[in-house]
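Structures given as structure tokens follow.
Heads up, the next two complexes both have chain A, just with different partners, chain B and then chain C.
On to the complex of A and B.
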């Protein structure tokens, strides 16, 4: 059995590691690129959100490399995500790729987690339950490590002395880890690159603007669809903070385990003034994280959402009020397969100018001109 | 003077109209319903609502704007789900917030949570609404039961005893699009005029739809998905109709999945003509009519020429 799975940012690293550890052959599709989107757009429903299109493209590229089974998460909720795998299976059947889907439901209670373990056991008969639990634990750890590494790069990138060093290193990191096999070797590479990133020469006293990325989790994590916004902002000398990450998402799902504490409650409490119940997707996280970030000294937020994303539209309708009441600039960027880079950059640059001026006014007090 | 309560004529009004209206009038309130959708309502709504909302939600904003100066209370329930274990579009759950932050100068909002997903207990939730106005449990319960009886009666009246006459066309889509004749550009009247009978998904019995929805080999966790896929499989088996028109609104998240699934199943399993029409606030009725007329013509020609096999290689449809 050869398993492929779709991309979401850097989550492929722990997923591949887990499959490696369980002795299942994993076929890693190439990172999302223009071709992925083109294939996906061609065979997907017209009005569906762009994550579906890219994921479908990933799966097909995986199949082209020889995979015969697809691993997907599903779920069940107001968001469309839960239905992705059903629809993809149907589409792939129609265009002549009869692959098998292995789906795992969201594991937000003990039964769900047990089902996930059983599913993995079904796939790899030779492994014991203990080994599977151990592998899940390793995967969870690696997810955190990779996310921490990405956070580290976001801190260093705006402050680096020689421009482009972080991007180059990150490129090498991804190249190297793709070719590595197993937990130990992959962990070694992560540790090696953490050391290298920490040794990059940086300008310690540089006063950087701090921008938070909020919104729908896939568009935040998948750099191809947000047109490498972290890299772009970082190279403009701005510290970017992802307000949603895969590790945090998994942590929230595993919240029921007594010793794991996620920020879920804090986020809900912060959002309560504007939206007091979760309505699916990441709408409440968008609101909650903006309120929390405002108190933590962020200069502005960029709200990313795929076109026709239902939960984020509700969040989007609340944002103008928050902008006014909390006195914080927010830029909403709607992403789909038609996003043109120039228009996108113009809006980001204009937004950064606004944030920059606000910072200057705050630092210098009242100016002599323009008032 | 009686307290005035306003109900916007959009979205789930069409599903629950008789229940809400009778409940509030039994409580001694004056119920004001916004007029039928018109050009001004759509324009007001489009300006007020967030850009990428779908047209029914924008129209809802328009109805709220129409009502806001005429009433003391506005009834905008937060509907989490209307059937057991089935979700609905998240925009309904966040509707009170969308209205609150997009429309200015609102009267008091009643946004009680109506959640029939876990506990099938509408009475308790309507009690909560009733207590806002009078502190008399007995009267509220009475009002609820009276209204529920009328509501159930009206629902059952909609159900169609299964007719097997020809010339049937089914119009699929959200109930709030199919019931709003301004929004759906009078599609029902247009079909009637062309000599066709129309059927709607809400005319079929729920039990039948549930039974047929089980044929779909995937999880069905949206109320609307369940209804449409049930209708689709029911039609495939019964061969009741000659054509299927799917009316969807631009940017509808649920339709993007449901319409695709329905279309694929229909195309794969039968030869009934299927047409997907997407509507939005650009009210270009000409293009809509052209496509509808072409579809109707095709249905007629199919029947006329069904057994016509040309003996000498002429084209089938040119005379």
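On to the complex of A and C.
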């Protein structure tokens, strides 16, 4: 059995490692790119959101590399993501790629988790339950490690003395880890690069603007579709914080386990004034994280969403009220299959001008006060 | 004595505008040229005119560039500041109308609303995927009605009974307009209806959720259209002010920003007006190194590679590496 799986940011790193550990051959599709989008768009429903199109493209690129099975998450609840896998299975059958889909429902209770373990057992044939549980634990750990590494780069990038160093190192990191096999070797690479990132020469005293990325999780994590926004802002000297991550998402699912505590409750509480029931997707996180971030002193937020994303459209309609009441600038960017970046750059740059000006006024006000 | 000046350049999709501003922020010269898909050429033609007319009369202290072609302009002329057009428009407006609180800007292919409070931008919006609220919509309908775009506004003002035309989508507006024509409405009433449709669409899309307070400034190429101005005034219930240099406000903002930048830096990056003699060429290639296949663009000055951009990973920024053939 040769398993491929779609991308979402750097989640491929722990997923590939888990398959390696279970002795299943993992076929890693190339990082999402122009071709992925092209082949995905060609066979996807026209009006569906861009994550669906890219994921379909990923799967086909995986099949082209020899995969005969697809692994992905599913389950009703989050948003139409829940129907991605069934729809894609049908589409692939229609165009002559009869691949098997192995899906795992969300594992937000003991039953779900057990089902997930059983699934992995079924796939990996000879592995014991203990080995599988161990592998899941390793995967969980690596997911966190990789997310922390990305957070680290977002802190260093705006402050690096030699421009482009972080980007070059990250590029090398991804290249190296793709070619590495198994938990131990991959963890070594992560540790090596953490050390290297920490040793990049930075301007310690630089006062950077702090911008939070909120919105739909796929568009936050998948750099190809958000036009490498973290990199762009970072290279403009801005500290970017992802307000949603794969590790936090998984943690929220596993929240039922007594010793794992996610920020879910805090986020829900923060959002309650504007939105007090989950309406699917990350809508409540968008609202809650903006409120939390505002209280923590963020300078502004960029709200990312795919065109036609229902939960985020609802969240988006609440944002003007929050902007006014909380006195915080928010920019919404609707992402679809565009490649021309000029229009987006104009908005981002203008938004940064607004945020920068506010910071200056605030600082001046402070100085006056202290005088 | 030579006069000290700043040059502002706005390379937009439809027009490329160049202005010459003296140290007292007075406009000495403004040029409105059609970009026609060839920004480098148009820029050189414009600067050539400038050189012929002013070469021995001016001393250029600084240059600013804006518009969607601002990076390209920067590489050609050597700008002291490269600014997005939203900020540039706001700077120009608030310099000439200091207490402005709302800027309506409608250009050929994009339209924006900029909200200012206490002379600083606090919010803005720009059209995303639809052109129904922009100049090209009016352009098309004028062509269909077979009247010159310059007279469009005058026709609208003559109407006393505007027709309601759907403004949601440029294509539907067109079919709606044809239906109304077949019913026998006068040209004037239909044109006025179109102006109101554009304004309605603008306010419903871009202006949604924005607090539009006076003084209101209306600028961009479409501000020449008196019918649209009147429709805005009717919809908003406030007077709408069209500044004298409404069609070059972006370039003007760039020039004003250049003045500030140069005062701070105490020097200019400007490469001189003789750059018009240089032969600029743009050559692109698709990067073969990864599946992203970025479209990399290199700009050549007299056959020498001067700059390269368009790659996501930054590998081609180093111009000592040769481009693949």
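Here is the rule we use: the second predicted complex is superposed on the first by the 363 of 371 C-alpha atoms of A that agree within 3 Å, B and C clash if a C-alpha of one lies under 4 Å from a C-alpha of the other, contacts with A are read in each partner's own complex, and residues count from 1 in each chain.
Assume a contact is a pair of C-beta atoms (placed from the backbone, for glycine too) under 8 Å apart; a residue touches a chain by one contact, two chains touch by 3 or more.
Just so we're clear, the structure is a prediction, and the values are computed from it rather than from any experiment.
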item	value
First (chain B), second (chain C), both or neither touched by A:353	second
Contacts of A:318 with chain B and chain C, given as first, second, both or neither	first
Which superposed partner A:361 touches (first chain B, second chain C, both, neither)	second
First (chain B), second (chain C), both or neither touched by A:164	second
Chain B versus chain C as contact partner of A:74, first or second or both or neither	first
Partner chain in contact with A:228 - chain B first, chain C second, else both or neither	second
Partner chain in contact with A:31 - chain B first, chain C second, else both or neither	second
Chain C versus chain B, contacts on chain A by residue	B
Partner chain(s) touched by A:275 [first = chain B, second = chain C, both, neither]	first
Which superposed partner A:334 touches (first chain B, second chain C, both, neither)	both
Chain A positions touched by chain B in one structure and by chain C in the second	320, 334
Residues of chain A that touch chain B when the two form their complex	45-49, 74, 76-80, 82-83, 86-87, 89-91, 94, 274-275, 277, 279-281, 283, 307-311, 313-318, 320-321, 334
Chain C contact footprint on chain A (complex, rising order)	30-31, 33-36, 164, 167-168, 171, 224, 228, 320, 323, 329, 334, 336, 342-343, 345-347, 349-351, 353-354, 357-358, 361
Chain A contact footprint on chain B (complex, rising order)	49-50, 52-53, 78, 87-91, 93-94, 97-98, 101-102, 113, 218-219, 221-222, 225, 248, 250-257, 259-261, 264, 268, 278
Complex contacts: residues of chain C adjacent to chain A	68, 83-87, 110, 120-124, 126, 128-129, 209, 290-293, 312-314, 317
